[in-house]
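Below is one structure. I have some questions about it.
Chain lettering (A, B, C, D, E and F) follows the sequence in which the chains are written, and residue indices restart at 1 in each chain.
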Amino acid sequence: MKKVEALIRHFKLEDVKEALSSRGVRGMTVTEVRGFGRQKGHTEKYRGAEYTVDFVPKIKIEVVVSDGDLAGALEAITTAARTGQVGDGKIFVSDLSAVVRIRTGETGDSAI
Amino acid sequence: MKKVEALIRHFKLEDVKEALSSRGVRGMTVTEVRGFGRQKGHTEKYRGAEYTVDFVPKIKIEVVVSDGDLAGALEAITTAARTGQVGDGKIFVSDLSAVVRIRTGETGDSAI
Amino acid sequence: MKKVEALIRHFKLEDVKEALSSRGVRGMTVTEVRGFGRQKGHTEKYRGAEYTVDFVPKIKIEVVVSDGDLAGALEAITTAARTGQVGDGKIFVSDLSAVVRIRTGETGDSAI
Amino acid sequence: MRNLGRRGVFLASLVWAALLVAAPVVAADVGTAAAGAETAAAADAPAAPAGPTVADLKIMADTVWVLVAGMLVFFMNLGFGCVESGFCREKNCVNILSKNFIVFAVSSIGFWFLGWGLMFGDGSGFVGTQGLWMVGGADNSPASGDAYSGVYTAINWATVPLWAKFFFQLVFCGTAATIVSGAVAERIKYHSFIVFSFIMAICIYPVVGHWIWGGGWLQSRGFVDFAGSTQVHSIGGWAALVGIIILGPRMGKYGDRGKVNAIPGHNLSLATIGCFVLWFGWFGFNPGSTMAVDPGAISEIVVTTNAAAAAGTLSATLVAWLLLGKPDLGMTLNGCLAGLVAITAPCAFVTVGASVIIGLIAGALVVFGVLFFDRMRCDDPVGATSVHLLNGVFGTLCVGLFATPDRIGRAANPEASAGLFYGGGLEQLITQLTGVVACAGYVIVTTVIAWLVLKQTMGIRVSAEEESQGLDIGEHGNTAYPNFVKELS
Amino acid sequence: MRNLGRRGVFLASLVWAALLVAAPVVAADVGTAAAGAETAAAADAPAAPAGPTVADLKIMADTVWVLVAGMLVFFMNLGFGCVESGFCREKNCVNILSKNFIVFAVSSIGFWFLGWGLMFGDGSGFVGTQGLWMVGGADNSPASGDAYSGVYTAINWATVPLWAKFFFQLVFCGTAATIVSGAVAERIKYHSFIVFSFIMAICIYPVVGHWIWGGGWLQSRGFVDFAGSTQVHSIGGWAALVGIIILGPRMGKYGDRGKVNAIPGHNLSLATIGCFVLWFGWFGFNPGSTMAVDPGAISEIVVTTNAAAAAGTLSATLVAWLLLGKPDLGMTLNGCLAGLVAITAPCAFVTVGASVIIGLIAGALVVFGVLFFDRMRCDDPVGATSVHLLNGVFGTLCVGLFATPDRIGRAANPEASAGLFYGGGLEQLITQLTGVVACAGYVIVTTVIAWLVLKQTMGIRVSAEEESQGLDIGEHGNTAYPNFVKELS
Amino acid sequence: MRNLGRRGVFLASLVWAALLVAAPVVAADVGTAAAGAETAAAADAPAAPAGPTVADLKIMADTVWVLVAGMLVFFMNLGFGCVESGFCREKNCVNILSKNFIVFAVSSIGFWFLGWGLMFGDGSGFVGTQGLWMVGGADNSPASGDAYSGVYTAINWATVPLWAKFFFQLVFCGTAATIVSGAVAERIKYHSFIVFSFIMAICIYPVVGHWIWGGGWLQSRGFVDFAGSTQVHSIGGWAALVGIIILGPRMGKYGDRGKVNAIPGHNLSLATIGCFVLWFGWFGFNPGSTMAVDPGAISEIVVTTNAAAAAGTLSATLVAWLLLGKPDLGMTLNGCLAGLVAITAPCAFVTVGASVIIGLIAGALVVFGVLFFDRMRCDDPVGATSVHLLNGVFGTLCVGLFATPDRIGRAANPEASAGLFYGGGLEQLITQLTGVVACAGYVIVTTVIAWLVLKQTMGIRVSAEEESQGLDIGEHGNTAYPNFVKELS
């Protein structure tokens, strides 16, 4: 099983969710994060003093898929989250050694 | 060393923490996340327009344990977090190649 | 490629960002988390009833680097985040099997 | 669900139709009655260019004062809304705001419809029986005293028009109902609360009101409650306490072996704003209760009110600091309110020095009260019982302790006498105690019935699941701060 | 950027220099005019120790009342600020707060500079032409009626000093401009909004004001709008509607096939606070519009105002509950405001019973209004059109429906007659309708021109990118709740 | 910890016992004194039915006005609380709210206990020496002028009861102390701040007050400060500045090489609410300072006050826009307050035109002030020095610049003359300057001593660790928005 972590733009979350769902992904976890990268932050003013907000708001999606579904998930995310502008985000894939569904105790692919 | 990531319900955090502590786990990291899965979200109304909140609030716990402690940790979490209702959550386990304690520079199991 | 996850103190974020940048790291992702560990929380009072806040606010940094940059990144973080007091945090390193840049579809080291 | 919807719409249409039919009737009805009531004033209007008389000017001054004071008391609704929502959790915030908003609307309609009549209509010592409906009785206010002719005799001493009297009394009634809101928060069903408030406004508050201010038996015996420590605060407090006990504590509030878990409110800025607003509004509540511009009295009452609030603030802070180790802001705020509640009954009858002492004691009382009620497992999220009930009772008794001989005349009650510490003996104290007990009895009995009937019929407590998820989603389908959606859009 | 900065500073210096040169002139100018206006009052001052006359006392009472009522209306700016920012998203919060804060400053200067003169200066039936600039015309207020000599004849019935009249009228003007703010929120450019507000205060509001309250043609025909359902609310509403249409909806508000997406506001506590403050402020708005302490009238108006607000609250809650399945807090709040807007024109002319009915209808209207405007794809984030426009029109017509024969005299307009339901026939209703249409026409035409000119010149809508990121960063370089930075420092 | 607790409780019992013993004595004491003071008023009460005289009616009107104005000023505490907590970080929010809440309680007790006596008691040109304790001197107010007999002669011109005078003066004293709160925020120890406030209320504010309003030497020389640009604002400002310097800047505020780091406040909605409330409250502050219903004067003062606020708002926004590139909301708010502070001294003496100019200058001043103080490394989280100190001084001087010959009479000070721009020459300007310098000197010296003594004894600054974690947990054991716990329960 693979864990796919994708950092995407806020307003792409809905699209990415749809794209994944349409490929049969039935679960995912979302976190609000801040990203630092090629996309620049912005400068704010507060009572005359300037400060730079380097970290821009991003959404992190974590999806666990069976090895066979990996390619599809990657394509779904890449397509749905792309705008072509700097800051579209990254996808990171890693291996999982075990998955457990708490409710039933099931493990492995059937727990996803 | 293994990283155990568990997605659980908010009100189970205390129980899970206790269960892990009682098995000797001395550290963990918690994040507020939103989950999408079999458990359905709810519909809210705002000035006559309906909108669905698909993502339900969940808690993500990350615990790093030595290989030997893995089984115990898994059991602790599974038992403490279970209600039997849809939405109890998942556990994902992965391998770590290194662990460092920043304060001392220790690495490996002793850094956990 | 390696994923480096570091749990650090809030006020060290700026230093760690600088240290990593100066070593050529061009991206990272930051999350606000709560940590439980040797560093103790504090007790709050609310209308006569006491309650303990066990989880202290921490910052999680995730940085993906090529295998060659790992050592440098670890050193940068360890040095910049250290105060010597309990609660300085941990670093966890894991392997990634794939990285994709959404904007361009690039994969592997060039996507970082 | 769909069927329910359809039935709902049908029901609505019915209600609506009924209203539209009833409406012109009502309007006509009231038209006549009020027209009668207004004739004097209306007749004045053309005469105005010819210049008002000195008597007219007094009426003008008194009316402005009563109305402005009433507005300040109205504004206390905002204060209660902020304090109560600030002291509750985010997941129930919409629910509390909704309750506190609608409760004044409910009181306004209920007190107009029947409450006023029961409270001030001429009748027996127990309840008013004349001019009951829609403030529709004969009345030639602002004529006062001997010149008055009408059915609201008990309040004929005030030289202001009928609607000014009504408005000032209405905002007090609204306050009593609001007190309950905070105490039963985070678990009560929205519609049951609405119905309960209606009952409060229509037949609980006004009956006691008749006894105390409407010429009833307590007033005849010399019971004195200048601005409502009993009439407003302890009544609200008893109703709240009964509600608390019948509802039971919030899930997770009390653990095994007497453990009390803290359930911190979500927003202390909101609570602090609310408390300032209440303090501000109290400057209408107490001095306004003169219902006339008596310069010496209103000036002194402003100062006694303020002094008790200040003393209560300081003493609660100090006691909490010493007792709990840190100066808890929640206790500071409750201390302020405690001082205000305690000075409400005696504000016109005591010296500024005495009001400082009353405030000091009230501030300490409230801290112990919060701890006490928690030990009794009476789960009161905002401390309404400690603030309004405990100090309402204490304040009422203070009249019997601290009233000075020269100031008790302001009660305009020949039976009233000075307090124990000012040479008046125990008499007034005993009268005050009688009043406290009698009102408690009536309110406890009626609210037990009301709550139990509601429990049996529509239910009063939300499901455990809803309570855990928060009432905002369950009862209202809203969230107060929908930040996740927001970020995404 | 740097160049821009330098140019900016240069520009600033210029503006500044101009101001400093102009200033003493202005001051001198005004000094003379106002000195004239003040002579009476100043002359009174030394005489005061000798004791005021009864006539003086009436002026004193009226002045206190008018000023206090005006302050309450001023305070409504806070109410609007809270309601509007609460109903908008966090990312635009600074922008909305800024708009609502500056709009009253702009109105203050604009209405003083020219608006007052156009509105109340003697002149034609269409607009004032005398004493135009800086309230600088001759005026011997508080002398009133026949004793009055000056150029602001239309308002000579009020026995208060000129500046009291000015202040009370100013706060009304400010309110009209504020209404627009909410409707065009989350997409309008800050500086264009400022300019638009200036135009409103200088030449849209005052002209209609002249027709209705300044002795203009509508007033002569017997059109009656006691406290401004048309003058303030529907004018603001029309300007808002035109703005909404020309600006277009917010990105993402409307989907394909008629889909309406919810864009929840970020803070319902704020919105609720705001609504309470508005309700409170309305006690200045309506009863204060007597501009004199007529005890019977102001007392009754306080009660009609309150009754309509309460009824609107209840009816909107009920209708939303039945129609949408849950008692939406946003609808409850809008219902309250709807009741208040609807009672604004008829508040002095109707019975309390009728005001309950007006409120009930208004509360239902606003719920359907919100759904209707959404279906029309008029994107109004705060419901300003449903509240102020729809109910402003409805309230104005209510005078023609519910005014009673004995109360219509309070309009002090010999042409005005009782409403349809009280035996007055259709006459007054038709007059009211004429007024509604005429004002709508004028405001629509002038604001279309204003918005289009602004669109061509400075642009009125922010870029799509800025809209998506939020106007706070784009327009102001601020964020309302900079929590991430905060946590880090 | 446990031991401490036990000791604490012991201490508390002691304090408590002492209080309870002292209390009746105090009460008795005050009882007598106040009873004396009240005899006139109390005696009036029974006579009231016989109808008030014209003189009584003036007292009634004046009393209502003074009390309502005082309540508005009281309400400014909420404004300050919101502005200051909004401009600070979340982690210090409970601390700031606590300080701003308790400071008025402290002032209330302190000013009653001794402050009033020192300020208004008859005595030398430097300080009052009679009727010092607990407002306990002889006084037959509301008798005024020649009819007055008592020991508070300096304020015998006001025809209101003693307690009305006291209340109005008290709320001013409270304001001065509150100003300090914001400037020293985010690093001062809670209990040291409480003690400092007590010192302010008891012996710093009242002494200067004696000079300016209590018949002291500055008043005798013709120094004029209508509503307190110096008496309230610059005094508070100097005390704040001294506090800032002695405390030092917050950790992380200033970097190397003159770098100024922004430390954004946590909630601009709160700050905006606060600023609206202050604007509202100022309508009590300035016009109320007539302490009598002089219709011409109070109407004009309402308008000058409002005009300066509006002009300050606009000019600060514009200057910030040009200077910093964007219209910073924080600067807009500060500009409004700057205009209000600047018009406070001259509000009764200048034309509306002049007040616009004063506001425009004040708004610009405050922007440069904020930048200037930051360059001086005076770390003032809320801009109190720029708003209150800078513009307090500027406003005081404006009397010497803009006062018109016909209005300066309102000062009721025969030595006062018109300003430079209105033909009065330099005389008044020099007097004003003298006053500014003298008050600055006294306040700087006394507060340096006070702060240093506090520093040596109880310490004034929290530990670096506590500062970094936030004062809420360290000082209060609370958090303002405990959202994590909340989510979990």
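By definition in this document, a contact is a pair of C-beta atoms (placed from the backbone, for glycine too) under 8 Å apart; a residue touches a chain by one contact, two chains touch by 3 or more.
On a predicted model such as this, the values are computed, not experimentally measured, just so you know.
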item: Over-half contact-pair match to B-E, picked out of the listed pairs A-E, C-D or B-D; value: C-D
item: Pair sharing more residue contacts (C-beta pairs) when B-D is set against A-F; value: A-F
item: Whole-Å gap separating chain B and chain C, where each centre is the average of the chain's CA atoms; value: 18
item: Centre-of-Cα separation between chain F and chain C, whole angstrom; value: 47
item: Two or more partner chains touched - positions in chain E; value: 54, 57, 61, 64, 68, 261, 263-265, 267, 273, 325-326, 328, 330, 476-479, 482, 484-485, 487, 489
item: Residues of chain B whose C-beta touches two or more other chains; value: 11, 31-32, 34, 44-46, 51, 55, 94-95
item: Residues on chain E engaged by chain A in the complex (per definition of touch); value: 468, 473, 476-479, 482, 484-485
item: Contact set on chain A toward chain F in their complex; value: 44-51
item: Complex interface listing, chain B residues touching chain C; value: 3, 17, 26-31, 64, 94-103, 105, 111-112
item: Chain D-touching residues of chain E, taken from the complex the two chains share; value: 54-55, 57-58, 61, 64-65, 68, 72, 89-91, 145, 252, 261, 263-269, 272-273, 275-277, 279-280, 283, 287, 292-300, 302-303, 306-307, 309-311, 313-314, 317-319, 321-323, 325-330, 332-333, 336, 351-354, 356-357, 360, 364, 402, 404, 406-407, 409-410, 421-422
item: List of chain A residues in touch with chain E within their complex; value: 11, 34, 42-46, 51, 53, 55
